[in-house]
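What follows are several structures.
Two complexes follow with chain A in common, the first pairing it with chain B and the second with chain C.
Let's turn to the complex of A and B:
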């Protein structure tokens, strides 16, 4: 098994992460579509100094991965987040929204 | 019955007819021919010498002659000539064509009305019920109200001096606006029940409002910390209004589409059929 892929937000322009297009562009750069088809785990590191991650950015970056995983638990098993505590409930809401949109927009 | 007498009488008429013909194009023996025809008898229905007489005899060959007892009047009963199939068809074809066209028009009118009614019903369900009665009160109306409040309260306000508590309140106010926009995004997502594209366009517009408010809050926070100048409220408000216009335009566009589809759907389908070959392949 390969070493886990690491996505470090500190390498991107922060501390405010906004914009669906920006998230989609980053997803393509990180080749997350391929990561979703493999069994490898992806570690996501969001630094403490992060001001916020908006739903548009998160869903642009991880939306298809959430849909591909099919459930919140399977998504968090594949993508292991290390993030400030204030962001955890926010991200849970984004994941739930991605699953809702999967059903609505399918 | 006196067939001979009848024939003579008819022959006399024929002779008179011959005479008229002769008068229009005189012939040397016209007078003699007429007289001969008038005087000649027709024994056993045999044709006489004159042309008129022979024609008459042919005509009355199949007729039944009735003469009253006083022999003052004669009645000829002649069967109508049998017509062939083609002759009958030629005579009745205009009627048949008109009847066929009337039938086709009736069928077409019935189908047109049925489809028009179905479209109107669909439009009524999608536009009148879902959008106006169910979705709009939960999406468009609250959004307009929310953005109206946002426009009048978005900090920093020029007349306010921001000390510690005011700064906290200002940041909290922006956070509340962001949370309300997030909640509205969920409501707008339910527009997918009538149109997925409409829902997606609206949700993405609301995401951009959320992003703009988040950036504004961050700039305001930085400003209160003394790091940067005050964020431009007018600039943020203009960007938010642009997104609001996109939402309203998307809804209006959807409604116009529903109406135009209900009006032109039948015609479009008919045109599409005309453009399609019998095998189903487009030209």
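Let's turn to the complex of A and C:
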């Protein structure tokens, strides 16, 4: 097994990480589609001074990985997050949203 | 030494003609280049303002004074998008239509009758003024601007700090240093029609959001408070999702964000307004084909409450705007695997959190948020709350059972009768308690004129 791939948010301009399109572009640049098919673990490091990581950016970046993982556990086995405490539950919510049943009239 | 004109007249005349011809050619060349540059700019940007035309809508200037190039705008008594959106939008539409007259010479803005004035109405008026002034600058014309302030000192300060005075740079009418030190003002307009998204770079939207969060922190700092990291995240998510939605769905990159806090007096009110021009929320959904994934998701709602043989109460635009607020509804979703449609969910969540906190600490009034998109207005005041349905999806049906199978409350969701907004606008107002009184109002003149 290779060394884990590291995605360090401090390398991308912050502290506001927003926009679906930016997330999708970053995903393509980091080649996460290929990372999803390999057995390697990905470490995601979000710096302390971050103001926000919005759901649109997060799901643009990790959305297809969450959907292809099929469950929270499997996603977190592959993607390990080191993030400020206020962002952890938020991002967990984003992961849940990606996996949610989409029935408005339930 | 004698000048050769004295002894060689033909040579002198020949050289003089040559010089004149050279200068004429140079002038013609310069003028051709200038005209070509102007034509290029005009062919790309047009000779009129698209935004002004959109605000004017179906209104047209018909008065004699307008034809002479003199426009007078009298704001209604209740000039507020939160409290009187229909009349406010109609008055701004008429003003924009009047300003579209060719050879505009003088504009008079009368706010003397206005007793209620909010940042939303002010923001729209600013855009009209900005567009008219930009057009005049491009055409190398000068417009004579004048007007009358509202009688209320508080409203007068808003006009000076964030209104037409600021936009027209009427420096002699700017708030005095002492007065300005008690105001927190934030204003950004993005007029860039080319959007370049880069993975490694922050865009204007992100930078504006960061500055806006710092602005709100400065406002809160005045009452000895500070946004927690969690609240700052929610605020940033709120602002940025609204701007992102504006850019992605309206198909026009023209957005404005304004924030205002006046700390004179005892009751402090923080106002935020965000708006963009382009397609409305209902427009972006109504363009979907009936076989699409999202249409399948929202069609039952339209069938249940839309205009039909038995019930003609609900307009399709109103229902489309309301259903678009629900979690996971986005015209860009094409299958269950798509994860769009969370922006408005975050926005409503932020407002609800603020409303709940206000309930505990502030007793002056409840925070209010008005969403206007096209000809639909939706009011948020904390009465109806978004909550997860049995599938876990955030739903806000605007009825007591919070059930999309029941119709919404017409007090909160309804159509604008007189005029709409060509895009989407969010206006929000919430109280801040300073816990101490401040200095008295600063006296000044009742009217203003821009000096040339």
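Operating definition for what follows: the second predicted complex is superposed on the first by the 100 of 106 C-alpha atoms of A that agree within 3 Å, B and C clash if a C-alpha of one lies under 4 Å from a C-alpha of the other, contacts with A are read in each partner's own complex, and residues count from 1 in each chain.
We take it that a residue touches a chain if its C-beta (ideal position, glycine included) is under 8 Å from a C-beta of that chain, and two chains touch if they have at least 3 such contacts.
Please read these numbers as outputs of a predicted model, since none were measured by experiment.
Engineer: Applying the touch criterion given at the start, work out whether A:14 contacts chain B, chain C, both or neither, answering first, second, both or neither.
Structural biologist: Once the two structures are laid over each other on A, A:14 reaches chain C alone.
Engineer: With both complexes overlaid on chain A, does A:42 touch chain B (first), chain C (second), both or neither?
Structural biologist: neither
Engineer: Applying the touch criterion given at the start, work out whether A:84 contacts chain B, chain C, both or neither, answering first, second, both or neither.
Structural biologist: Only chain C is touched by A:84; chain B is not.
Engineer: Looking at the overlay, does A:97 come into contact with chain B only (first), chain C only (second), both, or neither?
Structural biologist: both
Engineer: Applying the document's definition of touch, where does A:69 land relative to chain B and chain C: first, second, both, or neither?
Structural biologist: In the superposition, A:69 contacts neither chain B nor chain C.
Engineer: Counting residues of chain A touched by each partner, does chain B or chain C come out ahead?
Structural biologist: C
Engineer: Just chain B (first), just chain C (second), both, or neither: which does A:32 touch?
Structural biologist: Once the two structures are laid over each other on A, A:32 reaches no partner at all.
Engineer: Using the superposition on A, tell me which residues of chain A are in contact with chain B and, in the other complex, with chain C.
Structural biologist: Residues 15-16, 18-20, 51-52, 54-56, 97, 100-101, 104-105, which sit in both footprints.
Engineer: Could you please specify the touching residues of chain A with respect to chain C in the complex?
Structural biologist: Checking each residue of chain A against chain C gives 11-22, 25-26, 28-29, 51-52, 54-56, 59, 63-64, 66-67, 84, 86-87, 90, 94, 96-98, 100-106.
Engineer: Using the touch definition from the top, list the residues of chain A that touch chain B in their complex.
Structural biologist: Residues of chain A touching chain B: 15-16, 18-20, 51-52, 54-57, 93, 97, 100-101, 104-105.
Engineer: Quick one: in the complex, what on chain B touches chain A?
Structural biologist: 182, 185-186, 189-190, 192-193, 196, 199-200, 203-204, 207-208, 210-211, 214-215, 218, 221
Engineer: Per the contact definition, I'd like the list of chain C residues that touch chain A in the complex.
Structural biologist: My answer: residues 197-203, 205-207, 209-210, 213, 228-230, 232-233, 236-237, 240-241, 244, 248, 297-298, 300-301, 323, 326-329, 336-337, 339-340, 342-343, 345-346, 389-393, 395, 404-405.
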